[in-house]
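Next come two complexes built around subunit A: one with subunit B, the other with subunit C.
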Partner chain A sequence: MTPVKTLARLALTALVALATPPAAIAQDSGRLRLEITDAVIEPMPIAVPQFIAESAGASDMAARISQVVVDDLIGTGLFRQIPSDAFISQVTAFSSPVQYADWKAINAQALITGAVSTDANGLINVKFRLYDVFAGQELGDGLQFAGTQEGWRRMAHKVADAVYNRITGEGGYFDSRVVYVAEAGPKDQRQKRLGIMDYDGANVQYLTDSSAIVLAPRFSPTGDRILYTSYETGFPRIYVLDVASVGRRALPIPDGDMAFSPRFGPDGNTVVFSLTQGGNTDLWRMTVDGASPVRLTNAPSIETAPSFSPDGSRIVIESDRSGTPQLYVMDANGGEATRISFGQGRYGTPVWSPRGDLIAFTKQNKGRFHIGVMRVDGSEERLLTASFLDEGPTWSPNGRVIMFTRETQGAGGEARLYSVDSTGRNLKPVSTGGAASDPAWGPLQK
Partner chain B sequence: MHIGHYISGVGHAGFIAALLFGGFAPTPEPFEVTEVAVITGDEFDRMVQAARPPQTATDVAMPAPPDDAQSDAPAPAQQDTPPATATPKVTQAPEAETPPPTPPAPTPEADVSDEPPRIAPPPQEQAVLAPPVSDRPVPRPVPRVAPEPVARPEPEAKPDPVQREEVVPDDALPPIPQDPQEATAPEEATTEIVTEATEKPSSAPTASLRPKTRPNLPAAVAETKPAPATPPATNQNAVNDALAAALGGGSASSAASGGDSPPTDGNGTAPSGPPMTAGDKDALRVSVQRCWNVGSLSAEAMRTTVTVLVEMGRDSKPIHATIRRLGYEGGNETSARQAFEAARRAIIRCGNDGFDLPAEKYEHWRELELVFNPEKMRIK
Partner chain C sequence: MKILARAALIAGALALCACAKTGADRFGNDVALGGNAANAGIIPGSANDPASAAYFQQSVGDRVLFAVDQSTLTPEGRATLQGQAQWLMTNSDYTAVIEGHADEQGTREYNLALGARRANSVQEYLISQGVASSRLRVVSYGKERPIEVCSTEACYAKNRRAVTVLAAGMS
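Showing the complex of A and B:
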């Protein structure tokens, strides 16, 4: 074909395309095109038959692991378990073919099969498969985890994380820990100590004793260290605690000054905190070793509660420079802060989401406290909770769930930990075995 | 002041006074009090007999005409032909009969006593039993006008269609000869021949102006949306196909391969039959969205619009193996996969028993292109 003819054909094609309206194009394609814009939001029904015990003595472990997997998934509010009584076909072997019709008949949209085995060394193996029942195919490949019997809960959490990730497309948060302040005693003589637990309240361990008041623990990005504030010297001081050895040391702060509200930077080596000198509170930054202190703000107002953005370039802070506590975003190296909260009431304790898209905060308005989220520019503010006292939000590692402190009213009131989805759904208490406050969610464990 | 004015004023005043105080206004009739007397039947008959009007006499003698000389009226003027005047008939007035004297009404003797009459005290109110209510009367059976239902009339007899024998052309008959028609010359369009040399040049423009260039684009936006995953590629085959379709032919590629294969989908095979109505489409849309569960989708997947193609069987059930992703907007490959899986589950779940689709319009819904856009659900 000569170039002239090709050009002529192209021009004619363009003319035809321009003269034909889009609707006509859709009509000519012979397909009926529909846009679906409404949907339902409800838990996905899943079937989790008890994992198969592939070795003698593993049946009890298989049952426990199956139950933790179910609890993890159901606890998200995104899934609904189909009771085993409704099962038509039974899974008798891990590699047996799946009767999709039987699971489809009971409206199971996902099927999780697994098996547990133990060896002579005391190690256990957990493997699982996930099926999309209505598509009639497996979702991803099967996975297998090996570990000690003491770590069986972690393996169950990892199975649940993998299932969660494959269905939702988001990272899980089940194999993570939370550090918090465990409280005991009456309100006027409250004893506080640091506690660490699995995200679901299991495996509680205490990191400090109750000799001094401790506040605001914060995990390092790798989860191996914890920053917290202690009053053991009479003044608030910041300590760095190693989780494995429970050893600690204080950040070097001049005598007479008060340091509090610390937070790790994304690199794990930077600490940003509030320092009160001569009655004025400003933000400072230094390395976790106590070197290179840098003053980030210098204003007569109170600047506190800093939180880094995931990339470490900016921090969100709480400041009362406008007269009431509000939220501001500023460069991580200091400089002018931009106010982002403009609603009624007082804003505080901002926390940047691990995804970087939202900022969680505490809001006090008309005598009630709220946990809310807003975009990093202050838009689309949404209040997720409301109660007598809600405060101190912390994000799950995947940025989907927020844990916070809720304190009940009255002399007998006590603080408890609650969690809520960032959409405001699935508000539920976290089992801690006692009063607890100031949660800080750690990263997924390696 | 003229005397006329006085006269006029007095006259008007009088007229007004007459209107106000005269008898023009309707006055109510005064009550008449009449004394009555009780009479017997005989007395009433006599009285009626006396008041009976007299009989009118019919054979009454004509009176004598009046004398003109003795008349006081002036004499009428002499006329040529005096008009004939009708003489009025005068009837003799009957003598009024005197009514018979009415007997004097008897005056009752007054029974007067000095003692005032005793008035009995009113009886005290006593509870009175309500009279027993009689039973509701039972209607007596009434004979029906037409006790027996009228039999349905016989249906009208329809004339049977006349069976006509099929007309078979008789080959034996000779063809009817047609009169030959003479060839006629076509009519001339114009009365004179106009050659190109004598044609006046047209005033229409021979070339159009070059279109103006577009204004410069605004400054680059900070956030640029990622390009769609499957941009419409323009290759030579597509150009040839579009040209062939525009020129009324089949697919160029199919023509190149012999042209015997049926036109493939998406190359201009418009479905036949009645079109899908808005109600049909809405019913299908509602059926699908009823099973589209976005509760377990990630935030990224909730920002992903995925387009899914599915082929349908005649039983209005989706053919599972044909469900595939045509493309997506927003999000990334991972989120698009999550969104597609949720969409596929919705199609399969709610299509398991078949969608409510009109069977006669199968050609229209044989292939469905469903766009799952979760934008509205993102804020819920």
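Showing the complex of A and C:
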């Protein structure tokens, strides 16, 4: 396998704020703000004139970057793009004063302007400013990113992340990657290999070949390593893969029939996983180097799918100790587990939100599968999706979006990735170019 | 399916071993000569050779089925496994990997664990019938390798299985 290309090293600098009339600053109470709530909201209309090409030959890059910024923002379902043929003002230079009245007239709540330049060394420079049209002022300082040509999409994602952050007050999630299982072949002979891609499906690269079944990859907290399960030896074992070099090694696991369902702790060193001994599956933890293995559960029931709380103190797990698979929260060092799922049906694959407030899960009830969320104490359960087979949720870095696997039924059944907001809105397929399952969303890149 | 391929090789090797008494057939190829008339016409390694993997698969029965979420053996399952145990004790050159499987109605992780329970049930039963534990290994495929691909109970029932796959000789 060829090593994964290092994407652009991005340099970030703040631009000097444009001169703002004092009167506008005083209007801070009416500041542009979009609060993400459960209520149905009308998407905010925004204007994103194509970024200005500030050097010869940069116009194609400026068009592509503008488009990715728009795709990121519109893709959230929170914004609506005002078509450029409705624009009254044209932005012809990045430093031109903004004609707020013209943007107000077409009801643009926010205006994003940008400029792109390229140089002979293959570097590109992207800058942008965000305007609160109705307040008649810039929202935050303009920012400038410098990087290599091949990292152009990351620079566009950085712009969109900054815009999203300023308008919603939430961290962004566009400059992030997803590791998943790329699938091919018929249902009874599925070929599986690990793929990694940008959150929007761009820049797909494969990390393993299809010679052995691979399952459920999980990122380290910094995104530099991936834990996954492979049948490389003929028996399920856990491997850790270095994303940059694509080198991998088997985790030294205590004796057992099989080990699977690994997940990193927030320290990036602790690993929790399922180990099956004599047909019985329990949870263990140890360091990623195999040091100090500790058995966390010791019951004849199945204990699997552990996921850490963001502070690393607790884990949420799936167990059938009550007779059917249900969700439990327990101390990350072991001890009593408290059941948190009490609705009808079977619950599995719980994943703690990076915000710490919710647990996403798979629910199976009356022949249908759902992705749902509940509070950490099990209250306020809400189902976000329903289909023949939805499973395996993973959270966006800001804890606002959930990606999961949806598989269609029958002989021609095929798995695809979908995403949905934790509010239940904005359900849509994620482009992967082929069948795919088991997504794991990585952190926001630095 | 490395294990299957390996089993086929072993079956082939055993067929050669069985050729102590050989003669040329009318095409000049060596064929096994049966020790008695009853064996006439038996092609070593084929399904009518009682020492073959194919015979084990087709006549003894290489798999047992399970109810939804269950790993308890059914009476039919126990009868099949008694046959498997007898065969394995007669044909002591074989080892076996018991593959546990689940239908697609369940999460990937839970089904892996459920498949392991099923494989273990079979392993324990075979051991209780006298098969040496050192000859048996277990593996779970969860819902990764369905044998039937429809999404109805007719297929699910066949996918909830544990299959005894003959493999390499004594370790």
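The rule we apply is simple: the second predicted complex is superposed on the first by the 403 of 446 C-alpha atoms of A that agree within 3 Å, B and C clash if a C-alpha of one lies under 4 Å from a C-alpha of the other, contacts with A are read in each partner's own complex, and residues count from 1 in each chain.
What we mean here is this: a residue touches a chain if its C-beta (ideal position, glycine included) is under 8 Å from a C-beta of that chain, and two chains touch if they have at least 3 such contacts.
Predicted model only: the values in this text are computed from it and were never measured.
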| query | Looking at the overlay, does A:S261 come into contact with subunit B only (first), subunit C only (second), both, or neither? | reply | second
| request: For A:T287, decide between first (touching subunit B), second (touching subunit C), both and neither. | output: neither
| request: Examine A:L34 and indicate which partner it touches, taking first as subunit B and second as subunit C; both and neither are also allowed. | output: first
| Of the partners subunit B and subunit C, which touch A:E170 in the superposed model: first, second, both, neither? | first
| query | Now for A:T362: first (subunit B), second (subunit C), both, or neither, which partner does it touch? | reply | second
| message | Touch test for A:G348: subunit B only (first), subunit C only (second), both, or neither? | response | second
| task | Quick one: classify A:G413 as touching subunit B (first), subunit C (second), both or neither. | result | second
| said: Counting contacts the way the document defines them, which residues of subunit A are shared by the two interfaces, the one with subunit B and the one with subunit C? | reply: none
| said: For a test of understanding, state which residues of subunit A touch subunit B in their complex under the given definition. | reply: 9-10, 12-13, 16-17, 26-44, 78-79, 104, 107, 109, 132, 134-136, 139, 167-170, 355, 357, 400
| remark: Touching subunit A in the complex, subunit B uses residues 239-240, 242-243, 245-246, 265-266, 268-271, 276, 281, 284-285, 288-301, 309, 320, 334-335, 337-338, 341, 343-346, 348-349, 352, 363-377, 380
| request: Please give the residue numbers of subunit A that touch subunit C in the complex, ascending. | output: 186-190, 213, 215-216, 234-236, 257-258, 260-261, 274, 276, 278-281, 302, 304-305, 318, 320, 324-325, 346, 348-349, 362, 364, 367, 388-389, 391-392, 407, 409-411, 413, 438
| note | Seen from subunit C, its contact residues with subunit A in the complex are 2-3, 69, 71, 97, 104-110, 112-114, 116-117, 119-121, 123-124, 137-141, 144-151
